[in-house]
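Presented sequentially are two complexes of chain A, the first with chain B as partner and the second with chain C.
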Partner chain A sequence: MSEPISALNGAAYKDGIVEITALDPVGMITLRGDLGAGYLKKPLKKITGVDMPEVRGIKLNQDQGIAWMSPDELLVICPHADVATHLETLNNAIGSNHAMSVNVSDARAVFRLRGKHIREVLAKLAPVDTSPGAFEPGTIRRSRLAQVPAAFWMVDAETAQLVCFRSVAQYVFDLLKTAAQPGSEVNHYRR
Partner chain B sequence: MSTRIATGGRLLNKSKAVSFSFNGKQLRGYQGDTLASALLANDQMLVGRSFKYHRPRGIVAAGPEEPNALMNLGRGGQFEPNQRATTTELFDGLEAASQNHWPSLEFDVGAINTHLSRFLPAGFYYKMFIHPRPFWKHVYEPIIRHSAGLGKAPKDRDDDTYEHFHAFCDVLVIGGGVAGLEAARTAALSGAKVILLEQTAHWGGRAPVDGGSVEGKSITDHVDTLVAELAVMDNVQMRRRTMGAGVYDHGYVLGYESLKDHAPKTKGPRHRLWRIRAGHIITATGAIERPLSFAGNDIPGVMLAAAVRDYLVNFGVSVGDRTVVVTNNDDAYRTAIALVEAGLTVPAILDARVLPVDSPLMARAKELGIRVMMGHAIASVKGGKRVTSVAVCSQAGEGAALETIECDAVAMSGGWSPVVHLWSHCGGKLVWDSALASFRPDVDNAPTGADGHGFVTAAGAAAGFFGLDDILHDAHAAADGVVTTLGFKLPASATSPNAARQEESPLAPVWMMPQGANAKLREKTWLDYQNDVKVSDVRLAAQEGFVSVEHTKRYTTLGMATDQGKLSNINGLATLAGALDADIPTVGTTTFRPPYHPISLGAIGGEARGDVFQPLRRTPLHDWHDVNGAEWEPVGQWRRPYAYKRSGESTHDAVMREVANTRDKMGLLDASTLGKIIVKGPDAGKFLDMLYTKMMSSLKPGKCRYGLMCSENGFLIDDGVVARIDDDTFLCHTTTGGADRIHQHMEEWLQTEWWDFKVYVANVTEQYAQIAVVGPNARKCLEKLGGMDVSKDALGFMEWVDGELGGFKCRIYRISFSGELSYEIAVDAGLGQAFWDALMVAGNDLGVMPYGTECLHILRAEKGFIMIGDETDGTVIPQDLGLNWAISKKKEDYLGKRAQERSHMVDPTRWKLVGLETTDGSVLPDGAYAVGEGKNENDQRNMIGRVTSTYHSPTLGKGIAMGLVLHGPDRMGEVLDFPGTDGKTYSAKIVDPVFYDKEGEKQNV
Partner chain C sequence: MLILTCPNCGVTAEETEFHAHGEAHLTRFGPGASDDDFENYLFMRDNPKGVHFERWRHVYGCGKWFHAARDTVTLEMFGTYTAQTSTVPQDIIDKIAERRPEWHPPEGA
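== the complex of A and B ==
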């Protein structure tokens, strides 16, 4: 059987003020339900090793974790190959309770942004306060990037990760390249 | 003549000479010059022509209020017209050209208009060009278009890039003069996050030119200290060359940053549009000096008094050797004093006031030996392309000349108007301040936010405070008040600095000079330099009944030029008030709208140009289509292959081939764009019963059912096949364009009306690559791939099954939009290309060919299947389309049910769907109307139907169409006339809309 490929298959841009890389397929599960319910919390902890995130929070444990998406929606992140097993674990735990888990891994494209100016590059495209203090590792923003939906979070002070729909992967890559073009530093943030 | 003098020029780097060109002439200036100051240093006073009379125009101001010095700048991909010389920083190699003249700036044929000005009064165009009617379009407009217009339109694609930037702060201070700096410092001391914007390249505004001292230090030192202090505060962001362009609701502000205008060769974007959310906005935008209204006040060499001072102090430029100062206030005395102190001559100060006691400034002027003529005015300025002298009269009289004074420049001051634009953009009100003779912000009527409290505060000169000490104290108090309302607290140690006070005599309002100026003088007295509006025009408008200032503005074009009346508005409405014998505040102002100063369209568009102008959605198979001859069709933001052209083939040929091949052998369609929405929960069936016209809750797991969705007004909004996955779960297919819309539609109903339904939905459209395998050989192809049973018994028509084909995990739906044996197969998007490749290999000896959307359309039209967007247009209900079979009669309710029972919806005269077949086999024009007997009340032929879809069917070898026709289904066999836009009339017979395999035997094998 063939290996799954991401929309941009590892494309990268290294000439700008931020380095942009299209990542290989990442496993993603959209989970909807009562986020306080034990039948969600328990299997999620088992799968990802992290607790339920706060509002606008993201909890990561290496390449797996949970992102808060709305009061009744989570994004579960995991290795692409583990999705089927995790879905089974989740569905077993949910049982007859009212909740939904679906595989959305291939519906998405994931980018990594690296460099001193990641906050600025994001703030050029998203109506989000990315200033230090307002946006730090551990929080996620489900927003838009220019004309399309996107969600992003800081991994560390100089790394951010971004998720968008697969069909607009090229558009988002081109957007990020434009926003990271040489000479476009804003130097708005002090640290 | 205007020239560079040895002293002054605080903004210049005299060690760095810069060369530039004006109308092809090579000139030199210094680093730090503006284009305006450099032109003046080269004695280039004449810089353009006015819009209507083509009068010679010189530089009047030194900032963004400049009405005259508009330039074509740059060339090729960096060309831009209408750039203000006064705000353009000089750089090496700058190319400027003046505008609005022909054949040359020095000799302009259009200047003949000035001699015709008696015949071109206010409203001339409206009065003259109304008769005879056809003349406007064919004669007048082309002539006017040719002679009017400012700069040239750029011809080349813009070389530069632009971007947006979103920023957030507690306090946004607009204006980096002494008031803005003080407000920013005060706000920052409270701990608030502060952003400070300054439109020019320099901090301090005009204070360093006007002078004064703060806490014993010179104003320049004070500014430097403040800037240094702010620069090291972590909670302060300072930005020069960034103009506050507009204030909008909820503390939203647009800032316009110029990054490359002064250095076009640097890398990066040219402009950056700041989109700022501020808790509170402080407008420290200063004030603009007003011209005086006297005859000949538009002759080059007549300049604002403060601008004359700016050029002298900032750029070391003398505007003239002999400058007459004319004023109604003390401030212009500073210009006279500065000129004399620089060794230049001021033959006289003409002061319209008569004052009992000399103020310190007046005394100082007299001390320097300047002749001060109180109660005097300019009767008229003499000169053509340059001032040569002024005729002096008494202000109280009618303009009889008392003497003539030779001079080559006139510095005028009619007082100062606070810059209230940003305060006003979002509804801040103004009050008339009779002491200042100007409008200033009404502090009790600030623009209000969602909480009902004001979110803009004006500070300093923008609030109507003009003495340095008053400005500093007001700015400090304004910022203190703002941070307090935001919940911050100013430390007790934070106090306002004090400045040395200088008492000034009050200004006297002067709206006409001399007061009793006769008609002849008024016809030469300009209010709006750029649009050539004179005092006589405004008075004529008043006489003709234009009492509203907004109407007068549009009738006379006062303030409608690119400077938006920064100099002319107050004088214009004072003139109107005078003519109407009304108070100025009663007449009121015109509306202040963003942007404060023109901003580039590129900045507004930001990154959205070229490749990223619009998102383009690509399926997982996009690249394959691209290299295999796809001719693209935009479907929403998707690109879908319209047809796959082979070499030597026309698009039409390709479509015909694809149709024939799919009917005879086998075709592949990339159906990935179709919407796929999962609906899950104990109430999922109930929910879908409400959304679809048909019953969905009765569908068995493993089965599919075609459904229609209507809006609550009954109109058809989407269709598609629903598959029941298990007891709690459905998968709803939508149209390509409907996926996001229907997902939102579902969420809206679940969140706002049926919040008690236990249902979750998820849009999984892009999770799958979905490929339709269509045609008589479809099953054979899948069997070749192997892995699961796809026989009729294992997977019947309108059933679905999960399984594995050729090693690919997939879900197969046996549904058909073509009338052929058809499987739609969904695999994970990341495997889409590999699976397509496998199908192409397996189908190789079965005659496989990919087909595009046009083939899809023909296949479905031959079968009489409707298409959302073709047969529907937002006014069509399912019953119009003969889809009654898809509407449940058992259900108590569904969205649209009640609407479809309204009288208009059950009206038997609603046009209904039929098939149409031309009598000669040709193709009906798309959208053509069928005409009936008689005419309607507009004398148009009555219409009885229209074409909704029309194609050439290669299967049937003739044109086929669908259309909506009055009493259509009852008129089978009748022939209708469809006049085309090509002059021909097409005749078509009404037939059944199903042209091919009416029994549906082919799809059910």
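== the complex of A and C ==
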């Protein structure tokens, strides 16, 4: 099979107030169904090693995890090579129940933001309160970046990760570069 | 600018993260209805000055629908509530009554 390559093929921007990297393909599975059902909880725990996240939560176990996307939707994150086997596990567990899992890895682009100004770079682009206390590691926020949908979460105090559609990867990268250009610190969140 | 709280995911955000979809609590008239009823359902909308009930969707967030009660003049938000209802919940009516003593709930609400 051909090699999976991300939309921007590892592009990076290191000159700004935040370091932006387009990550290599990440495995992603969209799962819709009754999130309280045992036939979803069990295989998810087996695949990712984490429990079902709370509302707006994201639970990560190194490069695997589960993100809460809506009252009936989850995003399962895993290594790109594991998607097929995970999908099989999920589908076997779901059986004839009313739920659906789909491989969306190739429909997405993932960026990593690193630096002490990640909160304000995100705040410049999304209508989201990214202040400390309101936005912390463990929560995922689905919103928009300028004109396109995106979801982002903090991995730790100086690292955030962001998912958008692959078709707008270049647009999002350009947005992030502009918001992180040298000398553009706002220092709004400096305490 | 309106600030809405999505009752489905609990996110409070400003209106550009949502999309308004017009008047709420319409009675549907489909096949078999009279032409007048169907025309009324399809085209005729209230456009009140003051308290108004609307359907909204959290387009950039969880993607779910909900209802909102607001004032079209002052842009005050009275509250948001589930889309799985055809009537206005009592707590929303109480909130509006508190702020607008002269206001009366619409028929059927």
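One rule holds in what follows: the second predicted complex is superposed on the first by the 190 of 191 C-alpha atoms of A that agree within 3 Å, B and C clash if a C-alpha of one lies under 4 Å from a C-alpha of the other, contacts with A are read in each partner's own complex, and residues count from 1 in each chain.
We adopt the following convention: contacts are C-beta pairs under 8 Å (C-beta built on N, C-alpha and C of every residue); 3 or more make two chains touch, one makes a residue touch a chain.
Keep in mind it's a predicted model, so treat the numbers as computed, not measured.
Enquirer: Answer with first, second, both or neither: which of chain B and chain C does A:144 touch in the superposed model?
Expert: The second partner, chain C, only.
Enquirer: If you count the residues of chain A that each partner touches, which comes out higher, chain B or chain C?
Expert: Counted on chain A, the partner with more touching residues turns out to be B.
Enquirer: Should A:95 be classified as contacting the first partner (chain B), the second (chain C), both, or neither?
Expert: After superposition on chain A, A:95 lies in contact with neither partner.
Enquirer: Look at A:69 in the shared chain and tell me whether it touches chain B only, chain C only, both, or neither; answer first, second, both or neither.
Expert: Touch partner of A:69: chain C, not chain B.
Enquirer: Contact-wise, after the overlay, does A:36 reach chain B, chain C, both or neither (first, second, both, neither)?
Expert: neither
Enquirer: Does the superposition put A:170 against chain B (first), chain C (second), both, or neither?
Expert: Touch partner of A:170: chain B, not chain C.
Enquirer: Touch test for A:56: chain B only (first), chain C only (second), both, or neither?
Expert: second
Enquirer: Could you tell me if A:105 is touching chain B, chain C, both of them or neither one (first, second, both, neither)?
Expert: first
Enquirer: Could you look at A:178 and tell me whether it touches chain B, chain C, both or neither (first, second, both, neither)?
Expert: First partner only, chain B.
Enquirer: So, does A:2 touch the first partner chain B, the second partner chain C, both, or neither?
Expert: first
Enquirer: Could you give the residue numbers on chain A that contact chain B in one complex and chain C in the other?
Expert: 127-128
Enquirer: In their shared complex, at which residues does chain B touch chain A?
Expert: Against chain A, chain B makes touches at 161, 163-168, 234, 237, 266-269, 272, 275, 277, 606-608, 611-612, 614-620, 638, 678, 680-682, 758, 760, 762, 764-768, 807-808, 828-831, 833-835.
Enquirer: Sort out for me which residues of chain C touch chain A in the complex.
Expert: Against chain A, the touching part of chain C is residues 8-11, 13-14, 16-17, 60-64.
Enquirer: How about chain A: which of its residues touch chain C in the complex?
Expert: 55-56, 69-71, 73, 127-128, 141-144, 149
Enquirer: Give the list of chain A residues in touch with chain B in this complex.
Expert: 1-2, 4-7, 25, 30, 32-33, 72, 98-100, 102-108, 120, 123-131, 134, 146-148, 165-171, 174-175, 178-179, 181-186, 188, 190
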